[in-house]
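Listed after this line are the structures, all set down as structure tokens.
Look for subunit A in each of the two complexes below; its partner is subunit B in the first and subunit C in the second.
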Partner chain A sequence: MTATEVIWWVFALGIVALSAGVVFSRSVIHSAIFLIGSLAGVGVMFVILTVEFLALTQFLIYGGAVTVLVLLALMLTRADPSGRAEKVNGPQAPFALLAGIAVAAVLLVAALSTEWAGTADSPASIAIETISQRLFEDFGFPFILASVLLLVALVGAIIVARQEEGE
Partner chain B sequence: MVPLENYLALSAIVFALGVYGVLARRNAVMILMSVELMLNAVNINFVAFAAYLDPDRIVGAIFAVFIITVAAAEVGLALAIVIRLFRNRATANVDEAATMKW
Partner chain C sequence: MLFADPLFDLPAWLDAVIRIVIVVLAMTVIVVYSTYGERKLVARFQQRLGPMRTGPWGLWQGFADAIKLVGKEDLRPKNADRWVFELAPYATFIPVLLTLMVLPFAENWGVRNLALGVFFVFAILGLNIVGILMAGLGSGNKYALLGAVRAAAQMISYEIPLVVSLLCVVMITGADTPNGVGTLNLNTIAALQEDRPYIVLQPLAFLIFFTAMLSELHRAPFDIPVAESEIVGGYFVEYSGIRWSMFQLTEYASMWGFAVFGSVVFLGGWAWPFGVDSHWAVQLATTFTKALAIVIVIIWIRTTVPRLRIDQLMNFSWKVLLELSFLQLVANGIILYYGWPQELLALTSAVGAAFLIFLIIRHASARSTKGLLGTYRTLGASSS
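On to the complex of A and B.
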């Protein structure tokens, strides 16, 4: 086993364990903390796949912005300040577990039973210049659309969450 | 080099955990976190496929950039809706916001 494989297994098991923590933990705050770890682990996966730019984006946007937003929303929507244990799962939880197992089974069978044509050569890392060139040349219109989408979503978020007069 | 199947298996497991979280949880913010898990599983898949099967190894990474963008927009908007729901109904549980349920 090479060093890369050891690192891969450590972080893969870490991601799975932290993701399980997100969905099985009884405390929402613990879930959010586990989520930070899981997203950072995915960033490490991107480093192993030699896409450093994406790893940076992952750490910045997911590790920083998204988790801070989620934590803030959790703090703002504490329904019960007394800390009384509330049911975190609905009555449908056993069926949700079945659905999750079914999805995992289908995806795993499909992924592992297919003969993939790709070769596992050790790749050189992708330069940020290459990514930006392709992004702005071939994907220029989707890029602009994405920026408009972000703008509309943020304006909409402000309008939705705004405190109105006389409320 | 880790084989492609390992990445696919990892992403399948994380995605399934996200599916369970979305379906089982009551708190809207928890559902949102599970959706983030699913989006990240998809991102792993995109980048792994790009690294192993795509000759110039770029397009999958660019798709992942777009997914991250859309996920950020989605989180911002959804959390605004959750905060609005909490202000109006004093709950963030999706099964208690059932006014429009038939």
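On to the complex of A and C.
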């Protein structure tokens, strides 16, 4: 095995272990911390594939996202002063299982049916200029559409959140 | 990506290790003396002398404090979440350390010369907040929790103006490079400012960057996550000894990291005013003089401006800084697209900067706290 392969296995096993920690941990806070470890591991995978831009985006987006997730978890769960673990699973468990299997199936089909450019042995190093050209020139219109969608969601979220203190 | 010449023709990995050790050691000494310098400066602003007893003019005070802190007992509250509590200082420290790895202190001198340098700095610094949340949630203390939640809200809000103001600079680097494509490489950005620093072209972006930086560092007047008089120190209230000093180390190291970063992006880094061909010692001194100036202004503001309220803080970010940073971005885009002269960039940005300063002064001197910078709602008014 080459050094890259060893590193790949170390991080692959780490990601799996941390993801298992997310699911099986008894405390919401621990789950969130395992989650950021797992997502950071995926970021390292991107570095191994020499797509630093994606890796940094992963860190930037999920660092903030997990923070917000922790805050939401804090607000939506009851903190038990005695330190007992709160019950996370409810009657929604089978639906969660169904949704998980569906997402996994979509991802697997997408991954297996795509013709990937470059192989793991000789990953293509993509310059940031190429990415920006594709994103802002070739796919400029879909990019703007996606931004508008996000903006609408943002405004909607603010309106929903504001309503309770309207009067 | 490596810098051009390894030190003494050593193998690449050993070269990297030596560079990291140099940066970390220098950072530690600088942090020790920043605590001393801050105490001295604050004392002078308040017409006191500051530390005077330990060594001449109290020069060994920082080291004496460090030894005292290491000797203190490492306490852990009984109801703390053990591993979250103990790992939190490391989780805050590592991102700050990583950002120091990409900063160019002189021409082609830093640990790594990343093509995505600017992006790396703000992507990795964003992870800092995870450690702060861990400290707040793991301490089992309400003050710590309040501090962490305040820190999270504040840092996420101010990250957006910070990033947009940096993007403004990255945009105008495109006008200077030969192929017309902007760059995110910090070393190249510094070299492009040989003739004039980008603060001349983008004063508004610099003001926004500076304000957002104060907020990201939780320095006054944005220090509500660590407000001593309200929540007795915020997220690190339960820490003592070596772990507490790790939080302090992180705070000062990130202050210096931000100062060097700001001096590279806005003040010309090592290239301005002595040019890219000057001696490396001159370049190093130039970078650190600019960074020191930024740090001194941060301390000056801390002693002068009273702390903001949380609603004023949020309003200022979302209603003033965000809009102005987007305006700057759009104005830059129009000017660069039509290839108008660079003086126009400086002019539009200066008008924006003047407007921002006018807004701050008008609201700071207003008697009531209504309007953009914070609407004060009286308690109980909604029930009637």
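Here, the second predicted complex is superposed on the first by the 110 of 167 C-alpha atoms of A that agree within 3 Å, B and C clash if a C-alpha of one lies under 4 Å from a C-alpha of the other, contacts with A are read in each partner's own complex, and residues count from 1 in each chain.
Following the convention adopted for this analysis, contacts are C-beta pairs under 8 Å (C-beta built on N, C-alpha and C of every residue); 3 or more make two chains touch, one makes a residue touch a chain.
Values in this document were obtained by computation on a predicted structure and should not be read as measured data.
Novice: Which of the two partners, first being subunit B and second being subunit C, lies in contact with A:Val68: first, second, both, or neither?
Specialist: Only subunit C; A:Val68 stays clear of subunit B.
Novice: So, does A:Thr57 touch the first partner subunit B, the second partner subunit C, both, or neither?
Specialist: both
Novice: Quick one: subunit B or subunit C, who's touching more of subunit A?
Specialist: B
Novice: Looking at the overlay, what does A:Ile29 touch: subunit B (first), subunit C (second), both, or neither?
Specialist: Second partner only, subunit C.
Novice: Contacts for A:Thr130 in the overlay, against subunit B (first) and subunit C (second): which applies, first, second, both or neither?
Specialist: First partner only.
Novice: Touching A:Phe139, do we find subunit B (first), subunit C (second), both, or neither?
Specialist: After superposing on A, A:Phe139 lies in contact with subunit B but is clear of subunit C.
Novice: Kindly list the residues of subunit A that each of subunit B and subunit C touches, one partner per complex.
Specialist: Residues 53, 57, 66, 70, 74, which sit in both footprints.
Novice: Considering the complex alone, what residue numbers of subunit C touch subunit A?
Specialist: Against subunit A, the touching part of subunit C is residues 79, 81, 84, 114-116, 119-120, 122-124, 126-127, 129-130, 133-134, 137-138, 149, 152-153, 156, 159, 181, 184, 382.
Novice: Which residues of subunit B touch subunit A in their complex?
Specialist: Residue list for subunit B touching subunit A: 1-27, 29-30, 32-34, 36-37, 40, 43-44, 47-48, 50-53, 57-59, 61-62, 64-66, 68-77, 79-84, 86, 90-93, 95.
Novice: Touching residues of subunit A toward subunit B in the complex: what are they?
Specialist: Those residues of subunit A that touch subunit B are 2, 4-5, 8, 12, 15-16, 19-20, 22-23, 28, 31-32, 35, 38-39, 42, 45-46, 48-51, 53-54, 57-58, 61-62, 65-66, 69-70, 72-74, 76-77, 79, 87-90, 92-93, 95-97, 99-101, 103-104, 107-108, 111-112, 116-123, 126, 130-131, 134-135, 139, 142, 146, 149-150, 153-154, 156-158, 160-161.
Novice: Quick one: which bits of subunit A touch subunit C in the complex? Just the residue numbers, please.
Specialist: Touch residues, subunit A against subunit C: 27, 29-30, 33, 36, 40, 52-53, 56-57, 59-60, 63-64, 66-68, 70-71, 74, 83, 127-129, 165, 167.
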